[in-house]
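These notes are about the structure you will find just below.
In this document, chain identifiers A, B, C, D, E and F correspond to the written order of the chains, with residue numbering beginning at 1 in each.
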Amino acid sequence: MFLRIDDFLSVAEVQALAHLATQAKFLDGRRSNPHNPTKLSAIGDPNDPATQKAAQIALAALQRSEPFQNFAFPRRIAGPNFARYEAGMKYGAHTDVAFLPIGPQPLRSDLSCTLFINDPADYQGGELAINLGTETIRIKGKPGCAIFYPSTTIHEVVPVSAGVRLVMITFIESQIPDQMQRDLLYTLGEVRALEGLKIDWRNRVQLEYVIANLHRMWAR
Amino acid sequence: MFLRIDDFLSVAEVQALAHLATQAKFLDGRRSNPHNPTKLSAIGDPNDPATQKAAQIALAALQRSEPFQNFAFPRRIAGPNFARYEAGMKYGAHTDVAFLPIGPQPLRSDLSCTLFINDPADYQGGELAINLGTETIRIKGKPGCAIFYPSTTIHEVVPVSAGVRLVMITFIESQIPDQMQRDLLYTLGEVRALEGLKIDWRNRVQLEYVIANLHRMWAR
Amino acid sequence: MFLRIDDFLSVAEVQALAHLATQAKFLDGRRSNPHNPTKLSAIGDPNDPATQKAAQIALAALQRSEPFQNFAFPRRIAGPNFARYEAGMKYGAHTDVAFLPIGPQPLRSDLSCTLFINDPADYQGGELAINLGTETIRIKGKPGCAIFYPSTTIHEVVPVSAGVRLVMITFIESQIPDQMQRDLLYTLGEVRALEGLKIDWRNRVQLEYVIANLHRMWAR
Amino acid sequence: MFLRIDDFLSVAEVQALAHLATQAKFLDGRRSNPHNPTKLSAIGDPNDPATQKAAQIALAALQRSEPFQNFAFPRRIAGPNFARYEAGMKYGAHTDVAFLPIGPQPLRSDLSCTLFINDPADYQGGELAINLGTETIRIKGKPGCAIFYPSTTIHEVVPVSAGVRLVMITFIESQIPDQMQRDLLYTLGEVRALEGLKIDWRNRVQLEYVIANLHRMWAR
Amino acid sequence: MFLRIDDFLSVAEVQALAHLATQAKFLDGRRSNPHNPTKLSAIGDPNDPATQKAAQIALAALQRSEPFQNFAFPRRIAGPNFARYEAGMKYGAHTDVAFLPIGPQPLRSDLSCTLFINDPADYQGGELAINLGTETIRIKGKPGCAIFYPSTTIHEVVPVSAGVRLVMITFIESQIPDQMQRDLLYTLGEVRALEGLKIDWRNRVQLEYVIANLHRMWAR
Amino acid sequence: MFLRIDDFLSVAEVQALAHLATQAKFLDGRRSNPHNPTKLSAIGDPNDPATQKAAQIALAALQRSEPFQNFAFPRRIAGPNFARYEAGMKYGAHTDVAFLPIGPQPLRSDLSCTLFINDPADYQGGELAINLGTETIRIKGKPGCAIFYPSTTIHEVVPVSAGVRLVMITFIESQIPDQMQRDLLYTLGEVRALEGLKIDWRNRVQLEYVIANLHRMWAR
């Protein structure tokens, strides 16, 4: 399941991130995936202060966003990082690694997130293309847009033919790793929220009974 | 989970079953569980026409009962049979066998059912006592009452100290063998039915989405 | 996961189906889903000889198609049926029912299939739109095209604003009900087929060891 | 499954808790469940020293109790707290929340526990009523009695019509979240303990083989 | 887990099978596995009357064997067939196919069985070698010996360097497909049988409670 | 599954461990399993500096070994300890305890490891015998050899009839507790490594897609 939120970042946050990107030190993207000959991109140096400040801005947005929290049941979030694709760059079809070596326990990537910073009119190509068998979801978000998608898919950034594409990316470990289970629990929570007190109290209690027990059953 | 339905059988059906029981041939109850020294009861001969006619009446009641169908998700139902406990008889604490050798494929006993035929005032003792650790559910139903309870429990018929207890018993294989899963799916179905068209259409579609997918996921 | 096969039906088969549709008796589509106020379509009468002949043609195509067999691990296939949408008709967002009452055992709908018969230029609107959270897959196939998609999704046929849309639809119960598991097993089978004898024999045996054991583990 | 232990607390502990309750600061019970209009009770202030001392006494009793440890496979225990129901108070039918925000990782509520402090003769009504479909388990324990029951149930405290009901409550995260699995493992442990060295050594090793492997398989 | 039964077949049965093998028509073993270049053996023609008579003898032995029934929880058994390895023949490392196309529903191979017919002194090499990572189980049974082993392993028949090896082979679909679960349930059944009435009745009931519920939980 | 690595420790490490064993303080082996009358061995005192130094050497070897890391998916490793069996000593058939009380969270024993230190010619008997039903794997390694085997088995050290057997033992908690799942994931990883860049890039991406998703699905 996909969640796209168009104004995930405020205009001020987008400007701040764009500015920090001009100051940040960038490294060869293959650093985080050295064996992949199809990866041609630049990524922020996680030890660079500008990148670290950008990560804090992005993290704060993730933590305050109720739609994201309801959708993702996040347990841990990896530090967001810059990715920059100049003309000729791309990231060929790949699967995100299952466990990222972050902190004392590796972080399982259940959801991947791209935050779009610059204007899609600034570059040609560069769509995030997510493979679902013979069909493909293509995303090219406006500045401030966030897309959350399953890390379990094969996906790619198609070649940028002109201009520069600037985004931040991160990975989320969810309390509910199975995509279908996570979506069913999210959906019941939305029904409860949307019906509010309009639903009979007894039915609301029954709905909460189901939600609480699915949550216990599926959390890992 | 338990489902007790007080007027599961009509008065006419109860009378017909009580009459058939006077004509039926009874066998030593240990026939169906020869190694259990605590089983002292009489059960109908499944080959006897009176018992077979009684089984048809009970089966028809099970098939027409919407509350039972919604609660149990029945796939197969064993032929109901008479059980008669005279003074001094009992069925000590036991678990129902997991698979009954019925037909080409054994029938898994997920739910057990007792149909009460004669008046609880006609006998002393004889409660169906279902063990839940240190607590116990005790059932002594009026004529026509049906109790459905998990076959997965340890349960007993406590000794009849006076009079005669006459019931029919049967076993149900459910599409959803896990008790908790079955109850969650039943509960969502009740919420949908009780809210009816009062719930927003979009929320109703979302609820059906969850119900259909849990049903696919859990049916075995 | 999605599988679209463009020339699933031969030109002759498409013509035969189009001709049979002119002879078939059509019924109100709500017949198969009476409680859904958003369903406005016409479906073939399953007892009509023209519809039955069309079902045989479609079924034969499903049974001979190796890509479909490899992708779907079909155990049972429901009888395909016509669906016709005239101007103003639609099928609002819905989930396919989990179990269809077909034959002695209900058929679990794991995959849904639409076979496109007439030309997409013949009608406006009428796309099959499959909901994946905030993103949507839209399909409007050429004559003879088949699309296989998970029955577990919320999907719809958007209103036809002009012309007539003619398709056949059916449902598949898979040996592997879980979508992700089915796709992983399919993918390993494709790798084995594509590498063929180029892969070292010992590695091929290891791959078959994994495939056979996942197949045992996941089939239900 | 239920575990009731009548003399869980010593007489001295009960007296100490009753005394601490007279000193403790109480808050509106809705504080811990603000959206529930059926909750009318007073709960201890977790920051109050008297409540904290009471929590230590209750926790020590939980940690030393072998029957509780064997039954519950506790991994974490929430800080016990006072709950006081005066005449007219109640806690309507509800499910305990699946995860409590305690410490760095939320605590999953698998088992709920009520410790009874004052005499059941001191109040009318106030039973803990645990819903099992159409049947209900009702508990009104003597001072020092502990009842452990699945947090997965819908349960309530029925209205107190006269007098005051004083209890402590807490929640346990078990190593074995599934209720049936936890009970099967507990039961095998009891058989092993009760048979002791009377069972053949070889059979004892086999039993331990099963217990150890179920423990590995089911712990989460 | 492995089960070797040395006198699985009587002397008379072994003689009858050896005689039938002299009459039976043999086919190239690659018939049942055409893509495997390492398979060099002769197998009985399933349509030949001598092979069919041998299959009946072997099947009767499987059906009467209590140790096999207790160990395997068989649901379906494929028709046993002859396999003959002459000098130079072998069956290289392979996994048995997960589903055999037998009858209306394919048969899942959970357990494989070899019945040894002729004397191990009659041939050199020809051991059944079952791979368990870096360790290997090697079996060369006496006439009448049966070995049951998981179909989930990679195994082989090492080359026969002199003489002739004659066996029958078959495949069993178990009610309990997972090997570990099947072994735990078998082990508890053995403990119950070996302790018999020596175990306290209450503990026996508890043991049966666990056995019945694991059986329900794990059967597929 | 079993993994035996013959030169797991270097000659220098073996000598160092043998020397430390002469300095270490040994305790009665029943200390770690007091109720087992069949355990007669001496184990290192975990608080003794010589044992602690030996543990560091063994741990370093486990951490640097790529074959072990690939095979075991280790999450935590218990501190290795000496075990010494003099003539007449043994460790009868037993299962390793499921959870070892190490650190803040108990460590689940998924894999057991024996490191052989002295020469097998130095003692008679003393094989590590691992029970697989009626078949047995017997291991008597050379100095420096490591054997990794499932903690889920019943196994024993057969009586030492002459000489002294000196080993180190430890336990591993794996990210993938289920033995079959762990072996399938390990096998796919081996295929990927062995095929390297010889496999088509697209097929390699597909293989990585399967590996990453099985890893997410099975890690606990």
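Following the convention adopted for this analysis, a contact is a pair of C-beta atoms (placed from the backbone, for glycine too) under 8 Å apart; a residue touches a chain by one contact, two chains touch by 3 or more.
What you are looking at is a predicted structure, and each value in this text was computed from that prediction instead of being measured.
Copies chain A and chain F of the same sequence differ in orientation by 120 degrees, per CA superposition (steps of 5).
Comparing each option in A-C, E-F or A-F with B-C by residue number, the pair that reproduces over half of the contacts is A-F. As a whole-number value, the distance joining the C-alpha centres of chain B and chain F reads 51 Å. Note on chain placement: the centre of chain B and the centre of chain D lie 31 Å apart, centres being C-alpha means.
Chain contacts: chain C has residues 152, 178, 180, 202, 206, 209, 213, 217, 220 touching two or more partner chains.
Taken together, the touching pairs give a contact graph of some other shape, not a line, ring, star or complete one. By the definition of touch given earlier, these chain pairs are in contact: A-B, A-C, A-D, A-F, B-C, B-D, B-E, C-E, C-F, D-E, D-F, E-F. Those residues of chain F that touch chain E in the complex are listed here as 1-4, 71, 132-135, 137, 139, 152, 178-180, 183.
Of all residues in chain B, those touching chain A in their complex are 180, 184, 187-188, 190-191, 194-195, 198-200, 202-203, 206-207, 209-210, 213-214, 217.
Those residues of chain E lying in contact with chain B across their complex are 175, 201-202, 205-206, 208-209, 211-213, 215-217, 219-220.
Note for the complex: chain E touches chain C at residues 37-38, 92-99, 108-110, 151-152, 154, 177-178, 220.
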